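First the structure, which I've put down as structure tokens, then a few questions once you've had a look.
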Amino acid sequence: MISFANDYSEGAHPRILEMMGRANLEQNDGYGLDAHSEKARQLIKRAVGREDVSIHFLTGGTQTNLLAISSVLRPHQAVITASTGHINVHECGAIEAAGHKVLTWHCEDGRLTPEGICRLFTEHTTEHMVMPKMVYLSDSTELGTIYTKAQLTDIHNCCREHGLYLFLDGARIGTALMAEGNDLTLRDLASLTDAFYIGGTKNGALLGEAYVICNPAFDEDFRYQMKQKGAMLAKGFLIGIQYEALFKDNLYFELAAHANRMAQRLKDGMLDMGVKFLVDSPTNQQFPILDHRIIQQLEQKFLFHTEKVIDEAHTCIRLVTSWATKESYVEDFLKDLLTLLS
Amino acid sequence: MISFANDYSEGAHPRILEMMGRANLEQNDGYGLDAHSEKARQLIKRAVGREDVSIHFLTGGTQTNLLAISSVLRPHQAVITASTGHINVHECGAIEAAGHKVLTWHCEDGRLTPEGICRLFTEHTTEHMVMPKMVYLSDSTELGTIYTKAQLTDIHNCCREHGLYLFLDGARIGTALMAEGNDLTLRDLASLTDAFYIGGTKNGALLGEAYVICNPAFDEDFRYQMKQKGAMLAKGFLIGIQYEALFKDNLYFELAAHANRMAQRLKDGMLDMGVKFLVDSPTNQQFPILDHRIIQQLEQKFLFHTEKVIDEAHTCIRLVTSWATKESYVEDFLKDLLTLLS
Amino acid sequence: MISFANDYSEGAHPRILEMMGRANLEQNDGYGLDAHSEKARQLIKRAVGREDVSIHFLTGGTQTNLLAISSVLRPHQAVITASTGHINVHECGAIEAAGHKVLTWHCEDGRLTPEGICRLFTEHTTEHMVMPKMVYLSDSTELGTIYTKAQLTDIHNCCREHGLYLFLDGARIGTALMAEGNDLTLRDLASLTDAFYIGGTKNGALLGEAYVICNPAFDEDFRYQMKQKGAMLAKGFLIGIQYEALFKDNLYFELAAHANRMAQRLKDGMLDMGVKFLVDSPTNQQFPILDHRIIQQLEQKFLFHTEKVIDEAHTCIRLVTSWATKESYVEDFLKDLLTLLS
Amino acid sequence: MISFANDYSEGAHPRILEMMGRANLEQNDGYGLDAHSEKARQLIKRAVGREDVSIHFLTGGTQTNLLAISSVLRPHQAVITASTGHINVHECGAIEAAGHKVLTWHCEDGRLTPEGICRLFTEHTTEHMVMPKMVYLSDSTELGTIYTKAQLTDIHNCCREHGLYLFLDGARIGTALMAEGNDLTLRDLASLTDAFYIGGTKNGALLGEAYVICNPAFDEDFRYQMKQKGAMLAKGFLIGIQYEALFKDNLYFELAAHANRMAQRLKDGMLDMGVKFLVDSPTNQQFPILDHRIIQQLEQKFLFHTEKVIDEAHTCIRLVTSWATKESYVEDFLKDLLTLLS
């Protein structure tokens, strides 16, 4: 079986494993206070172009979203997200379990708009309702789409106008920044958001998310929150070393670029066959709509998830590529699909 | 510098890294549903002598304690622990943050007694107070001491009598079970507790705790709780592979035995020099009481933590050994100490 | 000014105050364990036709909803409501603050349907999502509409089929049961729901809701939950006495009938003038749609809330009557409106 | 039976009921935004000598403690209390259920000391532990003792030095301020604490606590917290009217003085008979130590609670007087006790 089920099926890029191996018998300080984590922080600060950000290493996306949101909001404050947002659907109510309402705005392509934010803000007017206080975005989104610099700037301005914090989930920020059509940079994120993260789990690390705090208010006692939520690894250097490997040269972006390339091959190949897509994604998640019969055939050899039923005969599936996707996987898929469609 | 600061300064035992390397480019299912995790579960089930336990892999001790306790207790129910218990002191209020009061009993050597449990149980009589519902132990304890089979059986019986759950923190269960004087086995834990865990982080793994559920009530919807608390790793196979390596032969216990051996060398050496200890620990944590002046000298070359001030001239320090402690570290320490004491 | 702003502007019905005055210098047991509360429980048990229900007296609707839901659900479980439901909009995120996601279904007239429940249930399939476990209804609804016995039975059956609890918010159950077209009784509620409440605050009491537990699982340690949430009144007899007064004869229903009568007078009068309504409500809340200019005129003399803007020229307002609404208030309003419309 | 079980056995002082009766058919705004609540706020501001405090009316002590503490602390922050403190023992873990650890200091007579606060503060040094951020006191204490102005000033200074908030539970502040030996005033409380409350439930009101916020940071969005915790009464005027009655003249203090007078009669009478007391209380709670046999006899005619067993033959009981305690109750008790002791 060949898997297009997700971008976290394999271990870590060999250059990461190699660096871990070299450091294996060093005696490092615990809890992320080691020299590797510090070095990784310096590299990331250089990449985002700001010395005054704070960086904490966490183990996964849900944990990072949970901590970023719950460490800042007071109990009556709510977070705004696209209805498709990961925090709304796929985190088992983690934000609510931390006490906060998630306010949603319906978005066809996964991207939140200033209009949606503004409407939700103005509808919540009294102490009988929750108080919107943060906006949550992800780039790339759950549907593989990305924000332009103009769009993110508009959202940034909308947030400033209404006193809302802006937090960006970057579990797949690598593929977003390397996508065709993208004009955002890490530096832009550092100036347009209060906090964001640079995802490692889905871009070649064993595990790890680098949470970058741009607004100092988000950093107050953040390590207490990490500890309390069980998110402070004893061997924090384990993630530090990986980010050192990802950012000491261009590895982080190379891996994302490869994933995108594989996805665009899939996309172009299917477009050539006349396949329709749910959305036009420039990143490593593609959402082709296929006949049920064909999907069943593909499932004999390929792993992937179903996104949604379109009509009686058609379903949208999700194909995900990663740093580890081989070109032969893509060729195999396209060849088989072509045969099935003929 | 040579570190005796803790048992999580180094990476992973080479045989673990090796197995991770071999599996690195496999495509595994996510979220702990992969073949390696399943294989590791089978190996652990064999080691605990029960097919009907459930096993979940988590990333650290605080996370495991938090999940084990909060997934079972209702909001008005409390957990009983020794006053020195990790959940009471060193987890930044994680249990309270999940809504539960931690009831403490003062214990000189870190070991809870049936008498303490019984007293706390009988003092809580009405709905104006919390309802004690779980007992939390760790073996080995925060002070390196261990429970005998008779002691654990007494506590088990006390819990059954009062309708209390019994949960055992096994972050250092390896060194407990390999300690001189120990007569407990993993099989005993599986029959005397409702749940316990087999710590990996402090016994040679990169990260990971194997949470073993003996009482099926603890397993109901446990994966929902994992997800909600940000504890479900996308690449769950990362921990599965490590436990496969630790339990496919005797590695887990060999590593713990080494740590104990190094600690006993330290202890015997210091006893020979007339050094007094806070408690008599048979495991990898030792608590010698030394003159302040000598401690300052040792700190020039060795890393360790201070446990508590004893009097104007003396302080108790904590020395921790691990699977990675070299004999030369121990010899260096003893040699230097002997010189300082002469 | 004459207020149609809500049904809790006045104090208590004189027969309630009178009974409180008579009992004032008695020495009663605290915390709802007094003879008056016990007597009130007996009267309510007779009214609902079941001896085996449990009854607890609470101070308000949000407190009762919060306790009923959070005392039963585990952290990963969610409650389903109409999008207009009080718990979704007007309780400042109380349910989320207690850790639970509120899943909503859009409902034009405030009434949830088995179809909506079923859809939300079937969409939530894995531990990555919350688990729907309870359905929340209110009768009468936020829009004044009521459920028929057939509708509530269908929802009951849908809940049983999917293992969902059914909880009914009865803050305005009096007006629902006394409405034209209603065919439900308190006895029906006791057999079709797991728990419901009989609202006092909005039906002539100073404060108080009688929470009736039909499913014994809801009653386990419920008094602990009350205490913990600050909901156990020291002078619990204060609410007990009021329910004694409301249920020792037919007072509870007389008061609701009066409120409905006043509302229907308003409705009929406005219908005669050709006024349109947002929904067809048979209870004490009416939602006429009026011209902005007319609303401004009415606001000179009458207090009421705005429900929603309909179009550039029209807004829907909410008029609420109560046990204390005088016929002259209604006549004044209709007379003034007629003049304004002429 | 005559009850000395508590100070909340009776309803309300007749002057309070009378004022409620007069206002009964007025149409008041909801949620504490009415003219009576506003008038009561003005009267209390005058009594505490500050115009710039904020005042919110709540229904009981546990609710007020819960709100005052949880609305201010962040999740990793803890509150310090005497081990006997109401929040530690008798609120069913309400503070922990809101996420905060309660740190305790053992105090023989119920009064916390600067030494205890300082010790707990200095022991909590890293993010692995909770961060002490608030001190909770009650005056009078659970054992009827009171703080002098010098003592409260010392605690105030200690809190300022360590950046700790100071919150004072005034459920029984009336009897404290009217006690012999007291030199504190409401004005002092307003300058020495960040927030405190003036208890009504235990001093002649049907229900109600007036929460006085002296530090504006405590007031930020406090009404959201009230609503979210189910503490915002629809008929908030119900409590406003009562405080208007209690503070428009000297009624609040007259009632407390009466309670104290009755308690001192009991105390003096028993001292004359040679009875020993657990503590020397100048307020309305007395803790005599009596022979078991005598206690059993007294229980035939009087209601009271047992405080603690002293030795095989003796137990300490708690006798509580109130605004409603009649002199004849006291005389009866003393007469019977004298007979039993003879």
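By written order: A, B, C and D. Residues from 1 in each chain.
Going forward, a contact is a pair of C-beta atoms (placed from the backbone, for glycine too) under 8 Å apart; a residue touches a chain by one contact, two chains touch by 3 or more.
Owing to the predicted nature of the structure, the values given are computational and were not obtained by experimental measurement.
Comparing chain pairs A-C and B-C, the larger number of C-beta contacts belongs to A-C. Residue contact pairs shared with A-D exceed half only for one pair among B-C, C-D or A-B, and that pair is B-C. In terms of their C-alpha centroids, the spacing between chain A and chain B amounts to 34 Å.
With each centre defined as the average position of its C-alpha atoms, the distance from chain A to chain C rounds to 43 Å.
Remark: chain B and chain C have CA centroids separated by 51 Å (rounded to whole angstrom).
Shared interface positions of chain A, defined as residues touching 2 or more other chains, are 75-76, 91-93, 97, 127-128, 130, 224, 227-228, 232. Chain contact summary for the complex, chain C toward chain B: residues 70-71, 74-76, 127-128, 130-131, 221, 223-228, 232. Put simply, chain C touches chain D in their complex at residues 1-3, 5-6, 8-12, 14, 17, 20-21, 23-30, 59-67, 91-94, 97, 201-202, 206-207, 224, 227-235, 238, 303, 324. On the side of chain D, the complex with chain B involves touching residues 75-76, 78, 89-93, 96-102, 127-130.
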